[in-house]
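One structure, pasted below without further comment.
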Amino acid sequence: MLLLQIDTAFIIEKILLITVILLGSLGIAMYLTWAERKVAAVMQDRIGPARAGIFGLLQPLADGGKLFFKEEIIPDRSTRTLFILGPALAMLTALMTSAVVPWGPDITLENGSVIRLQVADISIGILFIFGVVSLGVYGVMLGGWASNNKFSLLSSIRAASQAISYELAMGLSLVAVLMMTGSLSLREIVEQQHGFWDGYFTWNFFKQPLGFLIFLICAFAELNRAPFDLPECESELNMGYHQEYSSMKLGFYLFAEYINLFVSSAVIITLFFGGYNFPFMDKVAGAASPIVFSLICVLIFLTKIICCILFFMFIRWTLPRFRYDQLMRLGWKSLIPLALFNMVVTGAAILWIFK
Amino acid sequence: MSTYEILFWFLTVMALSCALGVILSRNPVNSVLFLIATFFAISGHYVLMNAQFLAIVNIIVYAGAIMVLFLFVIMLMNLNADTEPQKNRLVQFAGVISGGALFLVVLAALRTSSVNMLEQSPTDIGLIKNLGKTLFTQFVLPFEISSVLFLSAMIGAVVIGKKEEAVSEVKQ
Amino acid sequence: MPIQYYLFLSLALFCIGIMGTLMRRNAIIVFMCIELMLNAVNLLMVAFSKMYNDASAQIFVFFIMVVAAAEVAVGLAVIVMMYRKVHSVDINILNRLKH
Amino acid sequence: MTNLVWLVPLFPLIGFLINGIGWRKMPKGAGGVIGSLAILASFAVSLGIFFEVKSSGTSTVVHLFDFIQSGNLYIPFAFQVDALSSLFLLIITGIGFLIHVYSTSYMHDDEGMVKYFAYLNLFVFSMLLLVLGANYLIMFIGWEGVGLCSYLLIGFWFKNRDYTNAAKKAFVMNRIGDLGFLVGMLLILFNYGTLSYNEFFGQLNGGTVQLSSNMHNWIAICLFIGAMGKSAQIPLYTWLPDAMAGPTPVSALIHAATMVTAGIYMIARSNALYSLAPMALNLVAVIGLATAILAASIAIRQYDIKKVLAYSTVSQLGFMFLALGVGAYTTAVFHVMTHAFFKALMFLGSGSVIHAMGGEQDIRSMGGLGKKMKITSITFLIGCLAIAGIPGFSGFFSKDEILAATYAHSPVMYYLALGAALMTAFYMFRLYFLTFTGSFRGTHDQEHHLHESPAAMTIPLIVLAIMSVIGGYVGLPAVISEHHAFNTYLAPVVANFGHHHLEHSTEWMLMGLSTGLVIIMIIVAYNATKKPNFKENTGLAKVLENKWYVDELYDAIIVRPLLALSSALDRFVEKMGIDGVVNGVGKTVRWGSDRVRLLQTGQVGFYIFMMVIGMTLLFTISFFWVQ
């Protein structure tokens, strides 16, 4: 079993990487709350958080502190274990996805050893992501059900059915991409998008614009973000599935949402916008040392992710919320047929044009 | 004990205890969660046997889709432990006895068979590429037929699940 | 690892599934126990696939999953309909076959 | 051209499909045009094939597809194109086309006209299949197909119960014959392992399988039983006169020119077999001769114009079988051809008469029609002259050949056959004189209504009349010309057997004798009909009018006992035996299930429980006891 023949150095390297990624995602998620408020403020011509620190930069810390120190309430008639399990599962699944994302190219040190900026390069990376995403539903469902509250239950059922419905279209839209790449490994998909211009546009976005569009819309729905934030629709369901939660359990739910936002942006960038690839990267690789080059790559990747997140936020503060039936109709009657169509066209093109 | 064996025994114990949890817990939601855990243990076994693809598909299909449906139904019906009527002791006892008898009989039958060791060496038959090749060459007809089966099941479920009011409206 | 271990494990899971179907009256739990039995078979299939180094058995696991999914879709629809009619998922209420 | 042979049956099939599918919707004219054009196209292709075969003289098997392939049995769907089949192609499609054209006018007032053409096309298709097949199975398919079409067309006016009874009679009689054919086919298959003509005949002529002539006799007799049914020979001939219930063109096409000659075709095709089966051959000759005499004698006292022609057909078929039986295969085929011309001509002529008489078929109500219907009358006369065997007309050549061959075989048979030929001349001219000369005996309305038929009906008559005259010149007798074009053409396929050459003087003598007697007969017929009086017949005449009471005989010795037997079976075996067993089983099961039912509690859990118990038991048994 190759999988289990692990040496200590390998374990240390991986633990280090995991820690960095976890802490990084948590930190980024923290500042995403700030970013969200700032974007909202800009869009609404306000200033936004400005009291804590310069530009309100310390605001996330203040929020976090507040959440930590609030009283923890577990409703009397709730199912206790599941009530706790809910936010934990949400957080867990949010963090797990980042394991297969390649954050940068391999670093070859002088002594020949290779450091991989990816926790696990498994051959079925995309399926792994889908598996984890499909588990993400449980956090919401269990939390909502365990609260023993009508609104929470309704909200969680909405969330779950929304997630299941859009997972289908998401998977179908990716099938077309996978038909072109011929691999499920994220690393290989990124490497196939090497550079930017290689006689043709290498990024999958240019090969699969329709697939990208469907994937993006589904990502909105999976993230429960506006205009698909029906589970949290205040006017209908009070606060949504986390209505009964308080203190850090609520914090977990909110955090998980932002981590999801970050990770799914990373996945979108990886799949469609070349991951850490950028134009003229070969020239840069020639000029800089491997470590510096890798750092540049990671920075480029993060920049792309931040752009993507900003896009998500702009959309959130621009578009109004869908109605539930509209949401379902869009998912089942538009996106899935469209994704199937895209799949057939791609297949035909591969069969007859590209061979 | 090698890592492999530790993992094996861990997963085995987990699978069996969670399976028992499925049939013993009174709350259906707990049963569902135990079953999901059992599936995870089984997927773990798949990984141990180099069937990564099946492992992940098992999780996506069973844990991610089928069990969500179960949970859905249970939540919609709001079934709780106290709403489920219990069978009388005698019937439960008979169930355990007969299940156990089957177990013992087959166990006794298999006990004497010769020991076959599973190869420890990594194989790539469980990789998606090989599976895909087998599936789309040797088994392409069953594959198509199963897709038809699936489609008809889907239609059947939709037809069954339709509200009766709608049907009567059509009749009028 | 001897193949027998996997045989016994899947046998045990299968028998637990059988016990569950016999002990419980809740149709959904009975259903879940059937899924458990199917999974026990799947596990054995994969073990055999590993033993003979042949992918066919894994393909069969695939088909079993398809059938299980189809079964769940129809079965749950039936259960939901039944619940709507009789407000119970007790399989003992469903003895209309007799009449 | 030979490779295009599949086109020949294809056109009628297409015509059948178009007409058959659209018969409710299509206008009448379109059905006729489509049907006729389909046959015309077939005729054109057949013509091409005929000339190619004529010039090359080869026999080709055109393989279309594999039909049956199972174990050692291999039956391809193949067509045999040689002299014999191409000749039949011409007869079928040529006369078929004329009759189609005739039908467009004759059936014009019938509401089922398109359906009628669909049936006709299907018939032509089946008949072509019959003659084209390269093995007995394909022939059998066509054989059954023509039987079906015959049934459909006899019962075409199915609202009349007598007509449907006639159709059923034809079908049942044919079935009896078909059984013989089927048994013969199975015997061939069983003994030689093949049904293909080439392989079978190859085996017969010194192949690997050698059998006693006994088996050959049995096979030949079985096949001949099939031929009896289809070609209306004793004892299976009674359906043919009844088959006149169908529309007259159908009688002309099916019951005179083509289908009924299928039996002759089959025996001519199997000549290699019959030459090895002398006993069967003798049987053929005797049956043929007996049929010829019997039918001719019945025809003398018939009053229905079509019945006369029908019995005449049976009699002529008897002649053909006689020719086959004495080994003159080509002569039989020659007579098939000439007979097809003049008998089709006469049937169509009678159709024209019936048309003019408004459906009247009784010659006692006719007379003097020749004045009103010149073309019909003249063409009919030509037909009569041809069938009677007046020198110069086609019938003379073929009939003379038959008589000559019979004489060479056995003088006794010759004299009997000559008697039949004389009767033929008598009844044909009796029919002619009663119908077309003298004064009209029908009602005033009918007389007023009399008219010559339209061109679509008369043109086929004229064409057939011309053919009836010149059709015989392809086979001039040996005394006139050494070169017998017809025999030469058929020589690669059909070899005459045991045909002793006659002295030229003998042949002249025979020809002179028959011609002279025929002319005397015509004069006798003229005298007998000059002052027609239709009083009640007595004695032999009455027996003849009632067809020797054969139908009644059959009824008494076959139908009644069968009915009695089956009603007895119904009463005792069916009601008491089988029903008793079936009901007993039902009652037992019911009684048992009343007891077992108690196990069915309706509790799913209990069922599963029983299932698990059963599983455990089975495992226990299989692992511990069965080892």
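Worth pointing out:
Letters A, B, C and D mark the chains in the order given here, with residues in each chain numbered from 1 onward.
The rule is simple: a residue touches a chain if its C-beta (ideal position, glycine included) is under 8 Å from a C-beta of that chain, and two chains touch if they have at least 3 such contacts.
Fair warning: this is a prediction, and the values are worked out from it, not measured in the lab.
Of the two chain pairs shown, A-B and C-D, the one joined by more C-beta contacts is A-B. Using mean Cα coordinates as chain centres, the one most removed from chain A is D.
For the pair chain A and chain C, the distance between C-alpha centroids works out to 34 Å.
Inter-chain centre distance (chain A to chain D, centres taken as mean C-alpha positions): 85 Å. If you average the Cα atoms of chain A and of chain B, the two centres end up 29 Å apart.
Centroid to centroid, with C-alpha atoms defining each point, chain C and chain D lie 68 Å apart.
Looking at chain A, no residue sits in touch with two or more other chains.
The set of chain B residues touching two or more other chains comprises 4, 50, 53, 57, 65, 76, 87, 91, 94-95, 98-99, 102, 106, 120.
Each of residues 18, 21-22, 25, 92 in chain C touches at least two other chains.
The touch graph of these protein chains has some other shape, matching none of line, ring, star or complete. Within the complex, the chain D residues that touch chain B are 605, 609, 612-613, 615-616, 619-620, 623-624.
Within the complex formed with chain C, the chain D residues making contact are 600-605, 608-609, 612.
Contacts from chain C toward chain D in the complex involve residues 18, 21-22, 25, 30, 91-92, 94-99.
Looking at the complex, you find that chain B touches chain D at residues 87, 91, 94-95, 98-99, 101-102, 105-106, 108-109. On the chain A side of its complex with chain B, the touching residues are 1-4, 6, 79, 82, 85, 122-124, 127-128, 130-131, 133-135, 137-138, 141-142, 145, 153, 156-157, 160-161, 164, 167, 184.
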